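Pasting a structure here, questions to come.
The letters A, B, C and D name the chains in turn, as written, and every chain counts its residues from 1.
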Amino acid sequence: MVDAANERIERPVYPTALGASSLHRITLLGHDLAEDVMGTVGFGELAFWLATQRRPSPGETRVFEAALAALADHGFTPTAIAARLTYLSAPDSIQGALAAGILGGGSRFLGVTEDCGRFLHDELGSVDGTLPTDDAGWDVLALATVTRQRERRRFVPGLGHHVHKEGDPRTPRLFAIAAEEDLLGPHLALFAAIGRVHPQVLGKRLPLNGAGACGAALADLGLPLELLRGFALLARTAGLIGQLAEELRHPVANEIFLSVDLNNRSVPPDPYEPPFPPVGIDPPGGANG
Amino acid sequence: MVDAANERIERPVYPTALGASSLHRITLLGHDLAEDVMGTVGFGELAFWLATQRRPSPGETRVFEAALAALADHGFTPTAIAARLTYLSAPDSIQGALAAGILGGGSRFLGVTEDCGRFLHDELGSVDGTLPTDDAGWDVLALATVTRQRERRRFVPGLGHHVHKEGDPRTPRLFAIAAEEDLLGPHLALFAAIGRVHPQVLGKRLPLNGAGACGAALADLGLPLELLRGFALLARTAGLIGQLAEELRHPVANEIFLSVDLNNRSVPPDPYEPPFPPVGIDPPGGANG
Amino acid sequence: MVDAANERIERPVYPTALGASSLHRITLLGHDLAEDVMGTVGFGELAFWLATQRRPSPGETRVFEAALAALADHGFTPTAIAARLTYLSAPDSIQGALAAGILGGGSRFLGVTEDCGRFLHDELGSVDGTLPTDDAGWDVLALATVTRQRERRRFVPGLGHHVHKEGDPRTPRLFAIAAEEDLLGPHLALFAAIGRVHPQVLGKRLPLNGAGACGAALADLGLPLELLRGFALLARTAGLIGQLAEELRHPVANEIFLSVDLNNRSVPPDPYEPPFPPVGIDPPGGANG
Amino acid sequence: MVDAANERIERPVYPTALGASSLHRITLLGHDLAEDVMGTVGFGELAFWLATQRRPSPGETRVFEAALAALADHGFTPTAIAARLTYLSAPDSIQGALAAGILGGGSRFLGVTEDCGRFLHDELGSVDGTLPTDDAGWDVLALATVTRQRERRRFVPGLGHHVHKEGDPRTPRLFAIAAEEDLLGPHLALFAAIGRVHPQVLGKRLPLNGAGACGAALADLGLPLELLRGFALLARTAGLIGQLAEELRHPVANEIFLSVDLNNRSVPPDPYEPPFPPVGIDPPGGANG
């Protein structure tokens, strides 16, 4: 006889609401893939649906796809260059070039979307009572938020841009689209208020950047915060395919490689000295607990 | 003075038609990102545009998105499991989990789309004169194609499926959508003819699988053959985000890990013996050319 | 004329002490690769040298290689399974399978080495005055350390193991090797003391795990803390090659895949509900700062 | 009751000779990890052992480590640049930066080692009867080999180098080390002969490059041919850690990024035109087989 605990180890079962197949049928999210999804559901809509297991409305899809468009490609970013160089080096493996590009999607370049969405969410979650209902109310909350970050000597995610110093053109457009679709929720509202009040605290006016606005918009769409970076990476995957397509026809990767390799300067080793000098110590008694 | 050759090394210039930024403006493919792309261009449409630098028609977008939907998720594939296990092991790096999933997009599981598109393309390219204009003509070409592969002891890419042995439901749907949009081109036509005639050569009827049909449809859309695998990977990225979203809420990766780890059986080493035994040979004269 | 600022953009120079080539010579770390490195420098020694630009002593090499051996392979870990599944799915790209395995080297499974090294280092850095010189002194420091973590409701990195509940056999061995080579430094000393005193605070005895001991030993060797995870990954790369070599001859990945795929259970979608319900809000004034 | 077929699906067992753990013991390759491996087995030796499940002799280890040293780092290769750029972009995930570097280990830059080893192996396998026993015999075989490649209009892998046009210094050194250890086997012998005779066929003298020599040496060591690229990647992982360590202290990645980004030139889109124009075709009958 087998008891229940063993049974579980012996015959695990893996539940999923995503793709499933039988002899004549493929289902996805409980729908018939061929009949109900193919030809009917757009790709952005499908990505939203897969991530939330809830079909978005046309308005939600429009805001979502606007955010993806805002994040898809920014020209020669480090990730785009890494993908092109990897393709140069291993042209037989396009999956490797895409993966290399995606791996640059970390805290610094693509992380603002996630950081901003999470930051706004945490601020909203710390509100005691109901959320503001007008600009004046949001400004009060935003002022407290920016002041607190200042006191902690931390940046407000989504504030500032190294090129668009006088305003990121994506930001007002995303606000407008969200408003048109009646989807301007608390994350965007707080982000807008931060844009209005931060000069009072910081002493200078910084732009609300597009990556941050996307984080706010995606959070307002009710998407999982843990995956906000994932949506930025989905958008970027489309951009990376564009980069590789251009590299195929108008290559620059070898030129980039040579511009570095031919300009290297050999220098003597610089031995690393750790903060604590390694020293011999008498062996202690009883090394293992 | 600087001569032309040096100039090139010192000041390389990197042309791109993709993303570009100036103080007040971001352009993508020559269009204003905020005004002309965000809120107007769907994500599938944008991905097509980025890859070809040509804006697809609504019909092209519909066929493209139908193919992406067909490829987005197939449940617990090796790539989905790899992504979930990587997320289990390194939850701080969602880009790593996505990249791990994408890296499974190689020759065996996701490669059929590319292989089939390229195969059909090569067959079409080898036609002397004009392409067929009716089913009978395509059947003649398909018969020659299948017969030649048979003689070479090679599979016809896109033929056969381990589950949908009586027909992959995605295939007729994709043909129908392409026909509705007047985009049923020579790759799909040849693929359909292969579906009709192959039993005459192989002695049994195999299904035209959906991944192969997607390859044919994407090739008919005029997408670069070198990137067909890339589009399958783009579709899969959306599917992988769905897998990770589900893993976050209904985790199975640890159960999968334990089902393997707890059922491991330690066996003695099996020393590898190379086809040629390593033997000492007298040093030859003049090792370097 | 070109001014200094432009010059920098036009002709950047990239210094490196690593590999450099000229017509007849290759140098690495300032040494002749062919004459001074090949055939003379072991691979572990070389890895240490590359990471620190300082050639390790034989004793340092021995401790370093002992730590690498301790971390190289732990059987069917999530990373090993992910690498095998990726190889199953894309056998044409061994680099992809290795990369997929490496990507699991994050916070949870391989991160202990880095976390423990950093934790000990921070504790040592916070000591006011000189470090202890005998076991009694280290115990006082360790007691304060464990107590503080307890108050912060945080784990002590390196403490505990899910299998080796009565002691990880790697730990005393690594202490012994470090002692034999006179390389038992403050990180290991503090780690040992934590092993002695933690039951006073936690009320139970936990083992000092091997991954943590490796972190302490690598920190005592003066290796950069930012790269401790990198050394764990280097060790793991050797282990992953072993996994793939075994997979080539005694494959299990397809069996693992089937054990999941055949035991999937299709469940209805479970729509994600975000913590804050998305609500429409009147558009605020002045979206961009 | 459960029949044998079901049993297999329900309780798969996964054999492995690699790492295994029990309460008090960890074994690796059938040996006690703590007692028999740590402190005794060098890292190169361990990597060889893991890959072949056979412990190498000291001479085999020396040749193996010499090949790894030859392949570890070549300065600012595309893979090194990709790793540095990924680290710049996602500094929180060192595993991602290493993986991005490894993903460049494909056919073009790191593939020569594998290609050359396989090529020589195939040539040796096609010899009818016994292998040559002196230089004159190897020259005859090499002449046939190079001539055949010439007729097929294919390159001989391992022949030629873009920098070391008069001889790669790693090549004679690797031959010498292999000879010293009595491990100069048929792959190296044939490679040396190719170096002697190819000018008779090609009309010019090309160097035997070091990557090719490593492939020949690794094949002579009896390592699995399918994994030769894996050993190059193991060596490169040590090199990439060196690159990241240097990047941490003397960063160049941002400079590289800016040198590209600031020198981008926005050009109009260049719409992709496929070899076959996409045309509408009347829907064929019977799309699915």
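Heads up, the rule we're going with is that a contact is a pair of C-beta atoms (placed from the backbone, for glycine too) under 8 Å apart; a residue touches a chain by one contact, two chains touch by 3 or more.
Just so we're clear, the structure is a prediction, and the values are computed from it rather than from any experiment.
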Fraction-based call for subunit D against subunit C, same above half, different below: same
Size of the rotation, in steps of 5 degrees, that lays the CA trace of subunit A over subunit C: 180
Which of A-B and B-C has more C-beta contact pairs: A-B
CA centroid of subunit A to CA centroid of subunit B, Å: 24
Centroid distance [mean C-alpha coordinates] between subunit C and subunit B, Å: 34
Sequence positions of subunit C contacting 2 or more other chains: 11-12, 14-17, 20, 51-53, 75-76, 90, 92-93, 95-96, 99-100, 103-106, 110, 167, 172, 176, 224, 245, 250, 252, 256, 259-260, 264, 270, 272
Category of the chain touch graph - line, ring, star, complete, other: complete
Residues of subunit B defined as touching subunit A within the complex: 9, 12, 14-26, 28, 32-35, 37-39, 41-44, 46-47, 50-53, 62, 64-66, 68-70, 72-76, 93-96, 98-100, 102-106, 110, 163-167, 169-170, 172-174, 176-177, 180, 210, 224, 226-227, 229-231, 233-235, 237-239, 241-246, 248, 250, 252, 255-256, 258-259, 262
Subunit A-facing residues of subunit D, complex: 10-11, 75-79, 81-82, 85-86, 88-93, 96-97, 99-100, 103-111, 245, 249-250, 252-253, 256-257, 259-261, 264, 270, 272
Of all residues in subunit C, those that touch subunit A in their complex: 11-17, 20, 27, 29-30, 51-54, 90, 92-93, 95-96, 99, 103, 121, 124-125, 133-135, 138, 159, 167-168, 171-172, 175-176, 179, 182-186, 188-189, 192-196, 198-199, 205-208, 219-224, 260, 263-289
